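Both complexes shown next keep chain A, but they swap its partner, so chain B is in the first and chain C is in the second.
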Partner chain A sequence: MSATILHAEAGASDEARATGKSAGRRFATLVVRLGAIAAFAAIMAYFVVFAPGFTSTFNLINVVEQSAILGVLAYGMTSVIIGGGSDVTEGGIDLSIAANMGLCAAVYATLLSMGYGDFLSVLAAITVGMAVGALNALAVVGLGILPLLATLAVLNVAAGMELTLTQNTVVGASSPLLAFLVSGSFLGISALAWALIVFSATIIAIIHGTAFGLRLYAVGGHPEAARAAGLSVPFYVSFTYVLSGFCAAVASILTVSRLSASTPGSGELLLSVLAAALLGTVFSRRFVPTMGGTLLSVLFIGLLANGFQLLNVSSYWVNGVQGALILLVVAITSFARGSESSR
Partner chain B sequence: MTRTMKGMVKALALGLAAACGVAVVSGATAEELSLKGKRIGVSAIGTDHYWDLMAFRGIQDRVKELGGEVIALDAGRKDQQQIAQLQTLIAQKPDAIIEQLGNLEVLNPWLQKIRDAGIPLFTVDTATPHAINNTTSNNYNIGAEIALQMVADMGGKGNVLVFNGFYSVPVCKIRYDQLKYVLTSFPDVKIVEPELRDVIPNTVQSAYSNVTDMLTKSPEKGSIGAVWACWDVPQIGATQAVEAAGRNEVKTYGIDGSPEVIKMVMDPKSSAGAVAAQQPYEIGKTSVDNTARYLAGQKVAPFTFVPAVLINKVNAAEKGKPFLDAAEKGGVK
Partner chain C sequence: MSVSANPNTAKVSLRAFLAKYSVLIAFAAIVIFFAVASPTFLTPANLFNVLVNNVVMLAIVALGLTIVISSGGIDLSVGVSVDMASMVFVMLLAAGYSGVVGVGGGLGAALIVGILNAILITRLNISPFLATLGVLFIGQSTQQLATSGGQPIYLTSGYASDQFKAIARTALFGVPTPVIVLVILAIAVHVLLHRSVFGRYVQAMGAQPGVAWYSGIRVPRELSMVHVLCALLAGVTGILLSATVKSYVPLSGNAFLLDAIGATFIGTTLSRERKPSVIGTLLGVLLLAIVKNGLLLVGWNFYWQQVGIGVLVFLVLAVSFGLRRATH
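Up next is the complex of A and B:
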C-alpha cells in the first residue's frame, strides 16, 4: 500500500513541477510521441489498404503465432527494465535472455531425444532458465556489476554451455506437448497463438494489476525512495532477472515446437527482443516500459515483416526499418528524459 | 522427338559434359518455357555464401526472364525467420515455391504444410520427399572425385584433417560418406580423430585456428598430408593456415568453387590442392525451368543434376577461368 501512495505522489509531484517549469518541452514531447504512434498507425493503415490478404483472420493469427516467441522474451526483458530502471547504460537490461533461450531449448531437446518425457524435460528447461536468471541476479545484485556487463558475461556462459551440449548441431525433438503446440487449436486459434495470449494476460495482470507490480515500478523508478519506504530493492531486482530466465525457458519450449528441434543461433533474437522492449515505451504516457506497450511493439514488428512480405518488398528492408524505428524511439526517449532531468 | 528420347539425349549430353569436365550451360533447350502471370515464392535460408547468393540470383533472374513474378525471401541464416516467411508465403498462395537450403529437420514439417496447401514445391540442393524436384549437383560424383584427387596427390598414404561440422546438411553427408567410401580402398590414408568442426559464422577464422592448432600438434613435416572440407569456405582458412605455418606439403580440398578458392587453386604456389566447382547460378535457373515445365503440365524428374567440374593444379588455368568469368558477370569477384 505504501508503495502505491509513494508511486502516486512521485507521479503527482513530477507533473506539478513539469507543468510549472517546462510545459512547452512537455508539450513538444507529447507531440513527438503521438507523432511516433501516428507513424506506426500510418504504416499499419498502408498495409491494410495495399497489402493483399493482410487483414484476413488467417494472416493475423499467423502473425500472432510468429510473435509468440519474441513476445515471451520481450516480457522478460521488459520486467528487467522496469525493475532495474530504464537508464540505457546503468539501468536494468538482460543481454543473456536470447542465449539463455538457446541453452534451455538445447536442454529440452536433448533430454527429449534421450527419451525423458515432457514433464522432466520441461522441468529441466525451466530450472536451467531460472538458474541462469539467478546467476544474472547474483552478478548484478550480489556483486554489484553493471547489468550491461554482467548479463553480457552470462550471455557468453549460456552460449558456451549450449555449444558444449549440442556441439553446434541441430537436435531434433518430438513429444506430445510439442505436437499439441504445433497442431492444437481452440476457437480457430492455434495453440502457439494461445500461448502468447495467455502468457500476455497473466504477465499484464501481475505487473499492472497488483501491488507487487506497482512496487516493482517504484524500485526501478526511484530505488532510494523505495528503500526508504521499506521495500527490499535487491529482492525485486533479483526477481526480475529470475522472471526473465523463466520467460527464456518458456520461449525455448515454443521455439522447439516451432522448429521441431533446437538449433544454433538463438542469440540472433536479442536485437529484436531489445527493439520490442524499447519500442514499447512509446506507447506509455511517461515513456516507461509497460507490458501492454511491449505486446503492441512485438505485434508491430511481426506485422512489419508480414506486411512487407505481402507487399513483396525485399525482406532486407525490414531490418532497416526496424533499426530506424529503434533509433527514433531511443531519440524520443532521451529527449523526454532530457526534459525531465533539466528541470 | 518423344519426351523420353529427348530426356535420354539430354541425360547423355549432361553425362558426356560431366565426363569431359566441360562447364555446360544447361537449360538452353529449344522448348519455349513461360511463367507469364505466375507468382513464384523463393525462400533461402541465407545468402552470405557465394554459392547461396548465386543460386538465389539464378532463381530470381530466371523467373523474371520467363515473365513471372518473384516473391524473394532471404532468412538471413535465421531458422525462426525462414519459418515465419514460409508460413506467410503459404498464406500468399503463390503458384509454386522454390526452397533453397536450410536445416532439413526444421524445414520438413513446413515443407509438408506447403504440399498440404496444394502448392507445388521445388528445392535447390535440398533433398526432401516433399519436393516435386530437387535441382543440385551430383554430390555422389563430386564427393568421390575430390576424395580421389586428394588420395592421388597424397600418393595413397598419409593423414587427413577433416572438417565434419555439417553432417546434418544432406549434401555434406553425401560428400563425407563418399570420402569415407573412397578411403576404404586406401587403408594407408587415415582421418585424424577427433574430426574438426566447421562453423557458421566466422568460418574462415575458425578453420584457420583449428588447422593451425593441429599443425602445431603434429610438427613433423609429412605427418599431415591434406585437409578436407565438404565446402570451400573452411578451405580458405585451412589454406591460409598451412601457408602461414610454412607446411607446403599439406594440400587442401573443398567443394563449391567460390571465386577466391578457384584463384587459390590456379596459383601454383598456393596450398589449395583442388576444388569441385559447382554452377550455383545454373542450378537456380534450372530449378525454375523445372518449375515452369511442371506448371505447363509436363512431367518432371524427382531430381536434376547440373554438372560440376573438378579444378585441380593441372587443369586450373583452363578450367578455372569460365567460373571466374561467370562470377564476374554476376558481380562477385
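Up next is the complex of A and C:
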C-alpha cells in the first residue's frame, strides 16, 4: 500500500522533474547547436579581421572551388551513412569512395589521353564509379557483409586497379570540358564553384525535399520499422552505395580539371571525407547526418585551411587544428546529447 | 531415426560448417595453390621472411584492434601510436640515450595517445570513431611539426642503435626476437580477452553496452584500459619497426590501419556471433601476408597484388557471410 503511494509520488515527481528537465534539455541542446555555429562564426570573424583578403569575392570563390571535390565526395559518404545507420562498426560507411574517385580519374584521364572525346570519357568514368558502387551494394546488401569490411576490400580493388592503369604515374589530360571547368564562369562565379553549388542544390532537394529522401532516413534509422511499413530496405541501401559511386565519378572529373591530370594518392582524401560527413551531424537539430550539415562542415574545413594560408600559418598546423576543432565541437555536442539521453 | 539422417539437416550443417571454416579452407587452398605455383613459396627461408617482415608488426597492431573492436569500438589512431612510439624511440636513441630509455620513451608516447583517446571517449563521451579520427589528425600535425614537414630521422651507427639493430636481427633458439615478442603478446592478449574477468567485461560492453552498464561494470574504466592497451600494442610495433629499418619515417604507421581492421574482421568470421578473437585475427593477418607474398612470388607486380588481395578478401568474406545468411 505505502509502496504504491511512494511509487505514485515518485512517479509524479519524476514527471515534474522530466518536464523541468526537458525544458532544460531543450535549452542545452539549443545552446550546443548555437555553440557549434558560434564557434564556427567566431573563427570566421577572426579570419575576417586578421587574415588579409579573406573576405574578397575572389578568395571566397576560391574556397568554394577548393571545397568542390571534398564536398561532392562527402555527399556520397553522407548518403551511405543516412541509409545504413550511423553505428560505429555495423552502420553504413563507404571506405572505397576516395579510391573509387582515383580510379575514375585514372579512367577519365587515360581515355582522354588516348584521344577519346569528352562524352565517351565522362560516360566511362561515371560507369566505372557506379559499377564500383554497385559492387559495394552487392557485397553489403546481397551478401550481407559488414559495410566497413566490404568497402575495405573494394577499396583495395579500386586502388589496385588505379595503380595498374596508371602505373603510379601522373596522366595529363586536357579537353573542352576540363578547360570550361577551369576557366569558364557565369555571373562572376567560376564553373568549378557552380559545379558544387548545382550539385549541392540537387542533392539537398532529393534527400531533404522528397518522399524518397524521407524513406531513406526511415531505412537508416530503423530498418525493421521501415520494412514493416512496406519499404524495400535493400533497394534504398543499394541506392546509397551506387549514389556514392556516382559522387566519386563526379568528383573525379572535378579533380582532373583542377590538376589537369589524374594523380596517384587520392586515397588520402578518405579521412577528410569521413570527417566532413561526421562533423556535419553537429549542424542538424537531432544530430543526424544531413546534406546541409555536410556542406557547412566542408566549407568550414575549406575556410579553415584558407584562413591559415592567408595568416601565413604553416600548413602543418592545419590537420591538427582541424582535428582539435572536430573534437571540441563533437565534445560539446555529445554533452548535449548525453543530457538528452539520460532522462 | 537420428536427425542427421534428414538430408535437409545434413545440408544445413554442411553449410554451417563451410561458413564457419571458410577462412580456414580458403587459407589452406591458397597455401596449396602457391606451393604448387611457386617452388620458393614453401621454403623455410621464404616463410621466415613472410613471418618477420609481413606478419609480426601488422599482427601486433591487429591484436590491439581486436581488443578495441571486441569492446564495440574502433581505433583509427593506431597509426599515430605506431608513429609516435617510433619517433620518440628514434629521437632518444639519436640523442645518445640508452636503449632502455628509448623503449620506455617510445611506449610512453604511445601511452599518451591511448590516454588521450580514453579521455575523449569516456570523459567527453565522443564516439570512438570521431575521437580517434580527431586524434589521428592531431597526430599527423604533431609529426609534421616535429620533423619540419616529414623528414625521416635515420639512426647512424652508435652504441644504442647498434644494440637495437639486435632486436630485429637476433634470435633465441633460432626464432627471431620479433616473432618471440609477437607470440608472448598474442598469448597475453588471448588470456586477457578470453580467459579473464576484464575480457568478459570487454565482451559484455561489445555485445550489450547498456546491459553492461546496468550490471555494474565500470564501463569508463574498462574502456579506458581497452584504448590504452591498444595504443601500447601499436607502440610496440612502432619500436620494432624502427629497430628493423633503423629510422623513423613520419606518417608511415597509417599503412597498418586498414590491413589491421581487415584482418580483425576476417577473424570474426570464425565465430558464430562474429566476435573478434585473437586466433581469428592472427589467421586474418596470416591470410593477408601469405597472399601478398604468394602473388609476389608468382610474378604479379605490386599494383596487381593490391587488386588480388582485394578480390580475394572480398571472395572469402562473400562466401563466409553469404553461406551464413543462407543457414539462417
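Here, the second predicted complex is superposed on the first by the 293 of 343 C-alpha atoms of A that agree within 3 Å, B and C clash if a C-alpha of one lies under 4 Å from a C-alpha of the other, contacts with A are read in each partner's own complex, and residues count from 1 in each chain.
Keep this in mind: contacts are C-beta pairs under 8 Å (C-beta built on N, C-alpha and C of every residue); 3 or more make two chains touch, one makes a residue touch a chain.
Predicted, not measured: the structure shown is a model, and the values here were computed from it.
By the document's definition of touching, of the two partners only chain C reaches A:274; chain B does not. When the two complexes are overlaid on their common chain A, residue A:156 makes contact with chain C while staying clear of chain B.
Contacts of A:295 after superposition on the shared chain: neither chain B nor chain C is touched. Of the two partner chains placed by superposition, A:112 touches none, neither chain B nor chain C.
Of the two partner chains placed around the shared chain by superposition, chain C is the only one that A:139 touches, whereas chain B remains out of contact. Legend: residue contacts after superposition of the two complexes on their common chain; A:316 is shown touching both chain B and chain C.
Taking chain A as the reference, the larger set of touched residues comes from C, when chain B and chain C are compared.
Judged by the touch definition given at the top, the superposed model places A:168 against both chain B and chain C. When the two structures are aligned on the shared chain, A:327 is found in touch with chain C, with no touch to chain B.
Of the two partner chains, chain B is the only one touched by A:306; chain C is not.
Residues 167-168, 314, 316, 319 of chain A contact both chain B in one complex and chain C in the other. Touching chain A in their complex are the following residues of chain C: 69, 72-74, 76, 120, 124-131, 133-138, 140-142, 144-145, 149, 258, 261-262, 265-266, 302-311, 313-314, 317-318, 321-322, 324-325. Here chain A touches chain B in the complex through residues 52-53, 56, 58-59, 62, 65-66, 69, 167-170, 172, 182, 255, 258-261, 263, 265, 268-269, 302, 305-306, 309-310, 312, 314-316, 319, going by the rule given at the top. Contact residues of chain B toward chain A in the complex are 69, 71-81, 83-85, 87-89, 91-92, 103, 105-106, 108-109, 165, 168, 197, 199. If you check the complex, the residues on chain A that touch chain C are 88-89, 95, 139, 143-146, 148-150, 152-161, 163-164, 167-168, 271, 274-275, 278-279, 314, 316-324, 326-327, 330-331, 334-335, 337-338.
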